[in-house]
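Listed below are the structures to be examined.
The same subunit A turns up in both complexes below, where it pairs with subunit B and then with subunit C.
Showing the complex of A and B:
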């Protein structure tokens, strides 16, 4: 089946000025690849500050002016140019952003959902979509500041669902919600996938991602290091040593930390960015590491888990 | 000698009652988990116990004395969910630490804080790196209770496990009492001696 979205070797960098005149180019995302097919939830998991949100902004074509993007974005088999993204975003491609600050603070929820349409059909649609997400009729009259965190999230999802998107991008949709509310929100995404949308879920919470995602792309220091099936995690079929370390660090598993910290943008050495912390590193890890197919998924590692210890 | 919240009631002016006759006791060396749905007043309880707010009714006692009567450094300190909002963005971390009275020798190494980080501003550090500074600052001598409000909720699992390992080592050495607020039941199970639900 043709994927809804294909991202191939995407890189995003920023041009910054230091001390006024010194220019430097800061690579934030490097060589990111992933695919999303219709009916599927794909999670991108990485720690906060690792540049995950930029992926969403890159796909939508709303990166800030001082950034450069390289690589290929293919949407429904055709290149996703900035012009095409501008036409599709908010319609076929919808974003569920991080928080209430993405709503217009001076506009009530109802008109915000209807986007300027005032006919009876639009009213019925907005009412139906609010009801679908458990929000009463009175929500239409509320301003964003009158919504709780969980309600605001549901309004944002309602706004995206109203367009019946083919690709839905959700950026950190759960922080600040308790487990039950977060579970409900994630359930809505799964539902939209069942109705045929491709869902890209960007999050730092591996445990929550595993509850709804079919596949998981793991992000480390701006690179995708592994694409795995969600079922690979509990089954012990992980490929990359970092993914394995993430899994082992969960409180429900070993709660075992590894030492060191993730390098920030521009701090990575040559070769594998995880090598300094990796139990399986070898001399060749300082060279170029390709993304290779392994056990139905993909891994960017020369000495993946399960293989011989170097 | 314990930290006691006795029959605490509290209301924010616009939201109505958040806490109603709630009691909680924390002993030295104890690690108590606090959980409950959003809006139940977990953070509010922490703010009362640390002296940021005064209860409408009830009292907070430390060693049997009202917390408000302690002078100087408050022996009850909070560690917040978003470290970037808990430090002065215009101060280098070195100055943030010295403002809090400096830190003991060896503590920075014990928390895996690299010397180079001291000369940076908060915006130049990640959340996990910054949270270590907030812990170092809270571990000033004289502090006996730490209230950790979703301290690692924004961090990845590896950093979360690192930070808790470091803090538990310090807390055990000093016999600190910890109140640990989290939505993550497996985390609380891992860390706490008992768990209270709000």
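Showing the complex of A and C:
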């Protein structure tokens, strides 16, 4: 089946000025690849500061002006140019942002959902979509500051569902919610996927992602290091040492930390950015590491888990 | 509603304290002034020809030998009874002098106020929306240039250009010379107010424009504008639906805060244009030792500036949903 979205070797970098005059290009995302098919939830998991939100902004074509994007974005089989993204966002491609700060603080919920439309049809639509997420009529007249954290998330999901999107990008939709509320919110995404949308869930929370995702793309220092099935995690079929370390660090799986920190943008040297922290590193890890097919998924590692220890 | 009343009550109490403080400060400055009202108003030559008796009468009229504390308390007692006193220079009740002058000045200041607000808001929004482009640089440069230009100098330059070289606008006064007061038309008044109003609006405009620009940039970089863009809203819709809405609140504050600047500027500008307004009267009263008039003008100006800020605070309660809804539920 043709994927809804295909991202191939995407790079996003920023131009910065140091000391006012020296220009430098800061790569935040490098070589990111993933695919999302209709009806599927794909989680992009990476720790904070790994540039995950920029992926969402890149797909939607709303990156800041001082950034450059390279690589290929394919939406429904056609290249997703900035012009095409501008046409599709808000129609076929929807974003669910992080929280209430993404709502205009001085505008009531109803008019925000309707995006300037005032006809009876728009009113009926916005009322129906709020009802779908358990929000009553009075929600339309509320200002964002009058919404609780959970209500705000549901309003944001409602705004995406209103568009009946083919591709839904959820950027950290659950922080600040307790496990049960977060589970309910994620359930809404699964539901939208069952209705036929491709869902790209961007999160730092692997445990939560595994509760609804079909596939997981793991992100490290701006690169995709592994694309795995959700089932690979409990089954011990992981490929990349970082993914394995991430899994082992979960409270239920030993809570084992690894030493060192993720290199920031511009700090990674040549070769594998995880090498300094990797138990399986070898001399050739300093060279170029391609993304290779492995056990039904993909991995960017020369000495993946399950292979011979070098 | 109770909340709103309490808020207003507190504000008025504060206003009373402020007026007391301002009048006392003005009085102390006046008493510390080295100017001798007799010499200033009567003249050295005339004083020399007067008898001791006449001089004593004049000294009594100007209150030269009265202890300062008693003078102030006397003035304050009258004011509380609703009497602002009689102007020593104009020999008319202070309320009447201020009333006349304020009528002239109010035209000028209202025009400058509206103009600086409209112009400042428009330019600020424009510069913020086009940040870094040529328009922005032009507006910013102009605003910085204007805000570092003294009002009286600007007044002189405009006077030279429009009244002296181009001869299209009058060089001063509020009405044409040699015309019967009854036959002065509204057009005449407006014609004479153009230059002073323009100069005066230029003192308030740059602040409004630059602050609005900053706020506009904040709004355009906000999460909610990013989300609006992600939802397919056009730049135009973002600017009109989200930009203006969120710039409105600080704009209200700026618009009312600029009243004080316009009052301050009017003193200088009216002097340059010989415009018979409140600012000019204040200068005359200050230099001439006319204590009742000066204190009267000071108190009235302070009350107007304070009321401006009070109106801004009250408008906030109407415009900002956080205050409106928050107060309604409390």
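Keep this in mind: the second predicted complex is superposed on the first by the 310 of 310 C-alpha atoms of A that agree within 3 Å, B and C clash if a C-alpha of one lies under 4 Å from a C-alpha of the other, contacts with A are read in each partner's own complex, and residues count from 1 in each chain.
Rule of thumb we're sticking to: a contact is a pair of C-beta atoms (placed from the backbone, for glycine too) under 8 Å apart; a residue touches a chain by one contact, two chains touch by 3 or more.
If you're wondering where the values come from, they're calculated on a predicted model, not measured in any experiment.
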Contacts of A:7 with subunit B and subunit C, given as first, second, both or neither: neither
Touching partner for A:148 - first (subunit B), second (subunit C), both, neither: first
First, second, both or neither for A:62, with subunit B first and subunit C second: second
Partner chain(s) touched by A:258 [first = subunit B, second = subunit C, both, neither]: first
First, second, both or neither for A:105, with subunit B first and subunit C second: second
Which of subunit B and subunit C A:47 touches, first, second, both or neither: first
Which superposed partner A:179 touches (first subunit B, second subunit C, both, neither): first
In the complex, subunit C residues that touch subunit A: 222-224, 226-233, 237, 241-242, 245-246, 248-249, 320-322, 325
Touching residues (chain side subunit A, partner subunit C) in the complex: 57, 60, 62, 86, 89-91, 94-95, 97-98, 101-107, 115-116, 143, 145-146, 159, 163
Complex contact set, residues of subunit A against subunit B: 46-49, 148-150, 175-181, 204, 206-207, 245-246, 249-252, 255-259, 261-262, 264
Of all residues in subunit B, those that touch subunit A in their complex: 36-39, 112, 126-129, 153-162, 164-165, 183-187, 189-191
